[in-house]
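Heads up, the next two complexes both have subunit A, just with different partners, subunit B and then subunit C.
Showing the complex of A and B:
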């Protein structure tokens, strides 16, 4: 059996997991499904593109391919800058829109507002950049066989390593630091968290920041492996929510596992059944898991 | 007993603006005393304590904690200023361990003191020490109450507010919780206790307030309420309350 779907699914799962972690954090801390999260992925990818182009224009040789990879260090640096900027943008979106609606206590309005923000941000990207796809690099890479019939490019391996590092760092923060404890406390009981001395508004700001930064990282991965388009984040939205729900809302390891399951099932479907079934099979798995474990794989019971 | 650590003057509070539940309550609590807040159901005891903790906004009046005006301060800043609160329900984070709770409390302390205080707290509550890595959601009701108290006391507060800590506990566990409160009082903390268990509460309280319909019907020595008839008269007939301020500091 050709195991290529394992590599393809892991790559897709890594991108989905980075986005799903942002979705799960926002939902668990604010009890709010942010449908504009996909646009944070797109915006992160575009910021990376712009910053990489600016570095390339000012530092000669920065876009020269790094070792075995297809891109220069300008893209990696730009990815870091974009994570920081997209984090601030997510925080700003909350300050400008969601926090004001939250203060009025209207949950459904908040969700509808996130739909509105999603469409507005996507339209803005199309207006500024058009629908024409952009690429971080035009270099072609030759995939190498790593055994069991699996072909992989150095870019793909690096991106899996970047995802593993980011998720690992986030897990350490979530499970072992004061900030992580505060986030977990706020997600469970904001009123109790307040009387314990936790600055809940600060935790909310940090949550948005982290979610935005990880969305940007997902945008970088997607941009490197595929292309940069205004629709790229929106098209990820359903897999992101599927992964977050599958893993159990509020669980960082759950979002990672959910992302990998959705990515692997999509890739396996493409290889063994047909590309047209790709989205459908992932959601059948989601429904099956939820019927057996309504709180997802790692979710807590309500 | 020392000076008043918490002082409230004519506080009006409720869940909605213009619909006060607590109406013009004045109150003091000093270091090293247990002050009981008693009253019939619906008297406004829990509303009062939530207003002190900062979970409800105050419509009128002033609140002063260790000389600082906290009337319009947010709940988390009140906690940092030395006000610890143990709610009646949902008083622990079910998905966090016992140790996580103590670490959350310890963040209000200077970094150098945190580890020592956590260990001191576990010594004070040996039942929790044995379960330091257990999720709070797996503890019994009494153990959760003790954990919540341990987390609150760890912050070395000036004032500890407790909302019906005996609710739902077995008599043996109530005894254990109240014994801890007596120890905490000995440490110089002002303990403010909202309770329905009148007899057990009056046995450890130094002073008591009786709230009826959101107003103070009695303020004075707890011992003066030991007589069942006095308390019944206060609960049933607010209009016939005795002179309320005797014995207040």
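Showing the complex of A and C:
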């Protein structure tokens, strides 16, 4: 059996996990499923593109390919800048729209507003950038065999390492710092957390920063490995929800495992069934989880 | 001739608005009356459209189906299949928390889209499904008369749906629904099974979306998977929220207002933007409706006509 799907699935899973962590955190801290999370991925990817282009226009040689990779340091730096900006934008969207609805106490209306915001943001990207795909680099990489019939490019290995680092840092923050404890407390009981002296608005703000920043990182991955398009994030939305619910809402390790499972299932489907059914995998997993174990792998009983 | 053309155009516009209005009343049954959040409206409309197309298209060269049943049978078949589909989706998710219904209906719409694209033998795939019979096809060579007669038919169907829904809403069944939406605990303590009532409302709403999809297929005579994208769901939602969720009259008014904005901005964009920028102009119109939706949600959450 050809094990190529393991590599492809791990890559897809890394991207899904980065987005799913944001979904699971906003879901547990703010109590709503954000349909606009996919657009944060697209926005991050476009900001990365713009910043990388600006750097390569000002610093000569910054876009020359680094060592064995297909892109220059401008793309990596731009990815970092985009993470900060997208995190800020995510919080801005909350301030502009979601916070106002939360203040009125209309929980389900938030979901609708996020659906409207998703549509509007995606159309805005198409308006500004058109639907023509963009690429961070024109270089093509030759995949190398690493045994067991698996082919991989240096870019792919670097991106998996970057994802592992980001998720690892976030896990340490979430599990072992005061801020992470505050986030978990707010997700369990916001009123009680407030009474215990936790600064709830700050927790909400940090949740958006983290969700936006990780979404932007997912956008960088997707942009480097595939391409940058206005629809790229929206097409990830169902896998993100599937991964977050499979892992158990509110659980960072759960979102990581969920992302990997969804990514590997997608890759296996492409290899063994047919690429045209790839988009249906997330739905099948979602249905199975809701029927068999609605609280997910790592979820608390609600 | 100019006046006749205008009459035909306005009739066509109103026919489409009423067709969308029927889907919007279906969504109102689910969301406005029962508080069920369906993000897969376009998917259920797609089910209805393709069901009716398969049932009614007669045998001919290049046609996918050969049943050739009457359009009325197609419409009832569409309602049945879309209603049963909603029942299935609802049965799987209604006992879970409300957000999960939103996510599952969204996923169902993605899945339906995928089946429409890939089950080429029955749907025609990305190329679409053609040769669907249109009502009054015998007078199609007189465009103004054809458009007006079609509008009268659509108006009668929409009025029938409106009347039936109003009867339902004011029946004991409708009162239980409202009680469940407003205070579930109280309704349950009075011995009402909330899940069963919700399922029924969800199925009725889904059936109406199926009917709207079937009417779309017969209005145009051609359908393709692209006609049932998330942007359609979004438009129907905008119609309900802007018109006033909870009110069937609001749903109809919202449909005409939003479809009016959509059509007018389309005319403006068509004359202002160059041909190569038309895709961007369409994007601008979606931004406009999305912003309008969010502004109404924040500023005037009850919409134009709220529930009495």
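Everything below uses one rule, namely that the second predicted complex is superposed on the first by the 296 of 302 C-alpha atoms of A that agree within 3 Å, B and C clash if a C-alpha of one lies under 4 Å from a C-alpha of the other, contacts with A are read in each partner's own complex, and residues count from 1 in each chain.
In this text, a residue touches a chain if its C-beta (ideal position, glycine included) is under 8 Å from a C-beta of that chain, and two chains touch if they have at least 3 such contacts.
Bear in mind the structure is a predicted one, so any value in this text is a computation, not a measurement.
In the superposed model, A:65 makes contact with neither subunit B nor subunit C. Which of subunit B and subunit C touches more residues of subunit A is settled by the count: it is C.
By the touch criterion defined above, A:117 reaches subunit C but does not reach subunit B.
Once chain A of one complex is fitted onto chain A of the other, the partner contacts of A:161 are absent, as it touches neither subunit B nor subunit C. Once chain A of one complex is fitted onto chain A of the other, the partner contacts of A:226 are absent, as it touches neither subunit B nor subunit C. Of the two partner chains placed by the overlay, only subunit B lies in contact with A:181; subunit C stays clear of it.
Using the contact criterion defined above for the overlaid structures, shared-chain residue A:189 touches subunit B, although it does not reach subunit C. In the superposition on chain A, A:130 contacts subunit C only, with no contact to subunit B. In the superposition on chain A, none of the residues of subunit A is touched both by subunit B in one structure and by subunit C in the other. Against subunit A, in their complex, subunit B makes its touches with residues 53-55, 74-76, 78-80, 84-85, 87, 90-96, 100, 103-105, 107-108, 151, 155.
Only residues 35, 37, 39, 92-93, 96-100, 102-104, 106-108, 110-111, 114, 117-118, 230-231, 234, 237-238, 241, 279-280, 283-287, 289-291, 293-294, 297-298, 301 of subunit C touch subunit A when the two sit together in their complex.
Residue ranges on subunit A touching subunit C, taken from their complex, read 27, 32-33, 35, 97, 100-101, 104, 106, 108-109, 111-113, 115-117, 119-124, 126-127, 130-131, 234, 237-238, 241-242, 245, 276-277, 279-280, 282-283, 286-287, 290-291, 294, 302.
Touching subunit B in their complex are the following residues of subunit A: 178, 181-182, 184-185, 188-189, 191-200, 300.
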